[in-house]
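What follows is chain A paired twice: with chain B in the first complex and chain C in the second.
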Partner chain A sequence: MIRLAFRNLFQNKARLAISVGGVALALLLILSLDAVFTGVERQITAYIEYSDADVWVSQAGVLNMHMASSSLPDSVARKVRAVPGVASVTPILYLTNNVVYEDERNLAYIIGLPESAEMGGPWKVSSGRSLPGKSEAIIDRTIAEKAGIKMGDEVEILGEEFEVTGLSEGTASLVNSVAFISMDDFEDLRGNYGTFSFLLVKVLEGESPELVAARIQAQVRDVTVQTREGFARQERRVVQDMSTDVVTIMNLIGFLIGLAVMALTVYTSTLSRRREYGMLKALGARNTDLYLTVLAQAILSVILGFLVGLVLTLLLTVVVPIFGSNLALEVSRASLLKVASVSVVIAAVSAMLPIRQIAGLDPAMVFRGR
Partner chain B sequence: MTNVSQVQDETLQIAHVTKRYGAGSTEVTAVHDVSLSVSPGEIVLIMGPSGSGKTTLLSMLGALLKPTEGTIQLNGTMISALEENRLPDIRLKQFGFIFQDFNLLSALTALENVAIVGELAGAKSGEAKRKAASLLTELGLGERLNFPPEKLSGGEKQRVAIARALVNDPRLILADEPTANLDSKIGHEIMRLLRNIAKEQGRSVVIVSHDQRIKDIADRVLWLEDGEFKETVTMAIDPVCGMSVEREKAVSLESEGQDYYFCAQGCRDEFKNKLKSAL
Partner chain C sequence: MSLARRNLFQDKTRLALSIGGVALAVMLILVLKGFLAGMNRQITSYLDRSPGSIVVAEEDVVNLLGATSLLPEGVDEKAERIRGVEEVTPILSQFIILELHEKKQPAYMVGYDPELGGGPWQLVAGREPRSKKEMVFDRVLAQRHNLTLGDRVEVMGQDFTIVGLSSGTTSWMTSFFFVRKQDAENLLLAPGATSFLLLTTSDGADLDKILKRFNDFSDVNALTKREMAANDLKLFARIFSAPLKLMVGIAFLVGTMIVGLIIYTATVERQREYGVIKAIGGKNRFLYQVVVTQALFASIAGSFLGILLANGTAQWIMSARPQFLIVFDPVDSGQALLAGLGMALIASIFPTRVVARLAPAEVFRK
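Showing the complex of A and B:
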């Protein structure tokens, strides 16, 4: 009966194309949206992931960077340095602001770095300096290209002019980029001295970041201490919380489109073969044999739709960056699992109505010329 | 009630079968108190006007419809008393169906159309295909095994349907207007084929048809009207010219305890002379 399902499916190529295409587009919607959010999550946490810090220390209760503000007195840095297992501490200042060039404004995490920062600077520099000096800024290369900014040009950050002396790689996302200036400039612009936003901690070789983080948390008051992974996880959670409704709605739309297309094509396919199913029933095929045929048709269509949708999504992940967009799509295992589950549900639900139709077929119809 | 001859070792035996649809003022009796026995190798043709109850009777014979009253017995099994869920297996293994519109699965090849019925009955795919190929080759379709139905002529389609009907070695073949969509030459070929199957393999064949020409291959012709058998015609073959004749209307001759039937006096005389010269 599986052979029959396969042949039925491929006999009407136009119907197959509609059902597979419809399901593929619906699943593409879900997959690509997931891929966008996975990509954005990765981009947004790139600074944390590449910071080279094992542990992040922030103001008590501050769990992440995005849309958050943290302030730590400089005494905290001294206390943290004294905790056993800590190899080095790099304080940074942080604000969300814009990199402005002529009429172009780009939202950016502005990072203020100490003169000889061991951590927290740009992790890949395509040209120029890797640490900013006085009145200097290092900005993302793709942002610079998009805005027409060249090395040596002046950009406005926090209301002041900075000379672009370095271009970094991998520091831009769909949402924002990361720009680096010196800590002295940052303090001058804020008019606030002796405080830091975050402390980036490197632990001694052989030490566990979790244990050192726990020690800092126990020994230093009014701080929140997290490992790099924990801090990045909190950052991702913020993005997820912000996008949950959008993702849910789009997933639901994708699911409903896929279901509608699939249900319609499986139903019309079964309807057009009503007489054949009736004949098989008359010959002695059991209802379960026929249900299996319809279900197999739906599952085969959905598998094909899923594969086409996946190929299209993977193509998008390659094509989108070629067009210079900061949008990085990434297909995650969780997303694949979710879409595969959605596909199974689509196949099962779309086969239900035709199965009911077959159940009600009178096999004697074959003798009545219906 | 119409009582038709009872034969020992009948393949099919139906007794006092009635089928009523609806109830009260809307009740319609489609078949009324019909009895019939079909012997192994016998070909029974059921004829009658439209609405006479032929389709209802055929559906009941094929275990597709339960009679309101009466019993249907197939190879000793009372199929009219079986639970609904046992009937598909009976239909699959005990009956071969041949339909007016061939009813082949359009997406499958000739070979697959036959093999699928074997597979439904539990045969392994390879075994079912081997048997299907053998049957189709016997029926002259060895070169058409992998043709889809749309590439086959009407006669070829009906031969595929016959192979499909035979694949599970049924004792009874039920044919619904098997020549209706065939020209007369092909229709005649198909009928000869069915006769050979009945006579050589001992399978019983019940045919429902309007086609008078089928009388030639039938052993018995039953006329169904208003849900009842009104007339029974027993057919015989003229031993001289080979023509099929109705016994009741034919010229007959008895010789050494055996009855012979002829289309005309001339054939009878010729036969008589042959008998004399043989003595």
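Showing the complex of A and C:
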């Protein structure tokens, strides 16, 4: 019966291509939306993940960086440095502002870095300096290219002119980019002397970041302390919790479209093979055998559709950035598992539609020439 | 025409499935567009309803929701002295991530002085904050988390009591909540700080002149509320347009595939009949017309059904998830019909080639 399903499916290649393509596109809807959100999750946690810090200290009650504000007095840095297990502490200043060049405005996390900062700077620099000096800025390369900014050009940040002395990689997301200036400039422009936004902590070799984080939390008042992984997880949760409803709605629509395409394919192909099925019945095949053939056909089509959908999604992950978009798609294992499960349900439900057709088939019909 | 109609209507299940498939694809396109239009309306709700016609921000800040703004000290006093400025409303605002029932909920906090305005424009229950650590919370967000007047919400580690519920302050992405400006200053550890000034001008005042006066001051940027709202829209459009275009493009392809599938199978099934028509002198043009008419019918019917489905689905989504606002523009419905036409034309290409290659003699060989 599987062989029959196989032959039924591959006999008409054009129909196979259209049905597999339809299912593939419906699954692509689900896969690509998941990939968009997974990509955004990775992008917005990139700064934290590549910060090189083991532990992040923020204002009490502040668990996130994105869409959040944190302020810590100078004294906290001293107290954190004194905690056993802490190797070094780098304070950073942070806010969201624009990198302005001519008429082009790009939203960016502006990071104020101390001179010779050990952590929190750009992790990959394609050209120029890796730490900003006075009146200097390091901005994202893709943003620079899009706006036509070259090394040595002046950009406006926080209302002041900065010379671009470095271009960083991997620091742009769909939402914003990261720009680095010196802490002295940041303080001069914002007037927040003696305060920091976050403290980046490196622990001594052999020390556990979790233990040191717990120690800092216990010994320093009015702060929230998280390991780098914990802090990044909190950021990912923002994207996940914000997108849950949108993803659910889109998944449902994708599922229904996939179901419609598959049901249409299975139905039309069963219909066009009425004579063959009648012949099989006349030769003694049971209804169950024929149902299994239809189900096998549906499963095979959906497997092909799933594979094509996956290949298309992977292609999109490569093609979309080429068109200059900061949209980064990333296929996750969880998404693959979900779409595979959806595919199985689509195959099973769509195979139910022709049951009535098969059950109602009269074996004698084949001899009557219908 | 009658041949095309009969071809299509002969198998009603197949026709229903194909129309349903196109309808789903069109519905998806419309819901996505309506969703974006609704979000745009929600994004500018504070600027649309807050007092004044001019916003004064920190230099280089042109958005309310995009960038952090911190005005230099004394700007409010300078503003009061400018001719034509009637009222000055300072606010301190910041995005905050709330943790509600272990879910992260981004919200936009507006710290305001209840006597000067800038707070909620429509209270549906309770009152404005009067004393320390009181807040007006968005009604929809409160409902979603079973919060009501008197309940407490943790903001940056401090507990605030809900004393009022506001309407028109929600969006799926972020809702607004309101506290006294002094409380916002304490939360952000920024005593005396102001993010924006909302300026109400006297009747007949020259807005351009007032804007110019402000922009002569250093470290500030003054713009009309309308300009700032447009900037916020532009910012969010930039973020959402790429994923949205991707989804709409896929939906269009899916619709085309569905129409293609149905027309192709209908054409192949009737190959013999088409061969007979050719054999008795029927021209290819006539057969193309039959194929395209079938495709057009399935697409247009699917598009109309899609428009109806989109309206129904939007109502269902908005009642099940009130944080979503889905707004349909009649232009979008027109575009959906055009998309249906596009799907029909593209879907007809392959079946017309099948018809064109058909040899009239084939019918006699079979």
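Methods note: the second predicted complex is superposed on the first by the 352 of 370 C-alpha atoms of A that agree within 3 Å, B and C clash if a C-alpha of one lies under 4 Å from a C-alpha of the other, contacts with A are read in each partner's own complex, and residues count from 1 in each chain.
As a working rule, contacts are C-beta pairs under 8 Å (C-beta built on N, C-alpha and C of every residue); 3 or more make two chains touch, one makes a residue touch a chain.
Please read these numbers as outputs of a predicted model, since none were measured by experiment.
In the overlay built on the shared chain, the residue A:285 is in contact with chain B alone; chain C does not reach it. Contact with chain C, but none with chain B, is seen for A:174 once the two complexes are overlaid on the shared chain.
Judged by the touch definition given at the top, the superposed model places A:363 against chain B, while chain C stays out of reach.
In the superposition on chain A, contact is made by A:11 with chain B only, not with chain C.
Applying the stated contact rule after C-alpha superposition, one finds that A:332 touches neither chain B nor chain C. For chain A, the partner with contacts to more residues, out of chain B and chain C, is C. By the document's definition of touching, neither partner reaches A:251: not chain B, not chain C.
In the superposed pair of complexes, A:62 makes contact with chain C only, with no contact to chain B. Of the two partner chains, neither chain B nor chain C is touched by A:127. No residue of chain A is contacted both by chain B in one complex and by chain C in the other. Those residues of chain B whose C-beta lies close enough to touch chain A in the complex are 55, 58-59, 62, 64-65, 88-93, 95, 97, 99-101, 103, 105-108, 112, 116-117, 119-121, 164, 176. Those residues of chain A that touch chain C in the complex are listed here as 12, 14-15, 18-19, 21-22, 25-26, 28-29, 32-33, 36, 59-64, 66-69, 71, 73, 95-98, 100, 105, 107, 156-159, 174-175, 190-191, 195, 224, 234, 237-238, 240-242, 245-246, 249-250, 253, 256-257, 260-261, 263-265, 267-268, 271-272, 316, 320, 325-327, 353. By the touch criterion given at the top, residues 11, 13-14, 17-18, 20-21, 24-25, 27-28, 31, 58-63, 66-68, 70, 72, 94-97, 99, 103-106, 154-158, 172-174, 188-190, 219, 235, 239, 242-243, 246-247, 250-251, 253-254, 257-258, 260-262, 264-265, 268-269, 317, 321, 323-324, 350 of chain C touch chain A in their complex.
Remark: chain A residues 1, 3-4, 7-8, 10-11, 275-276, 279-286, 289, 363-364, 366-369 touch chain B in the complex.
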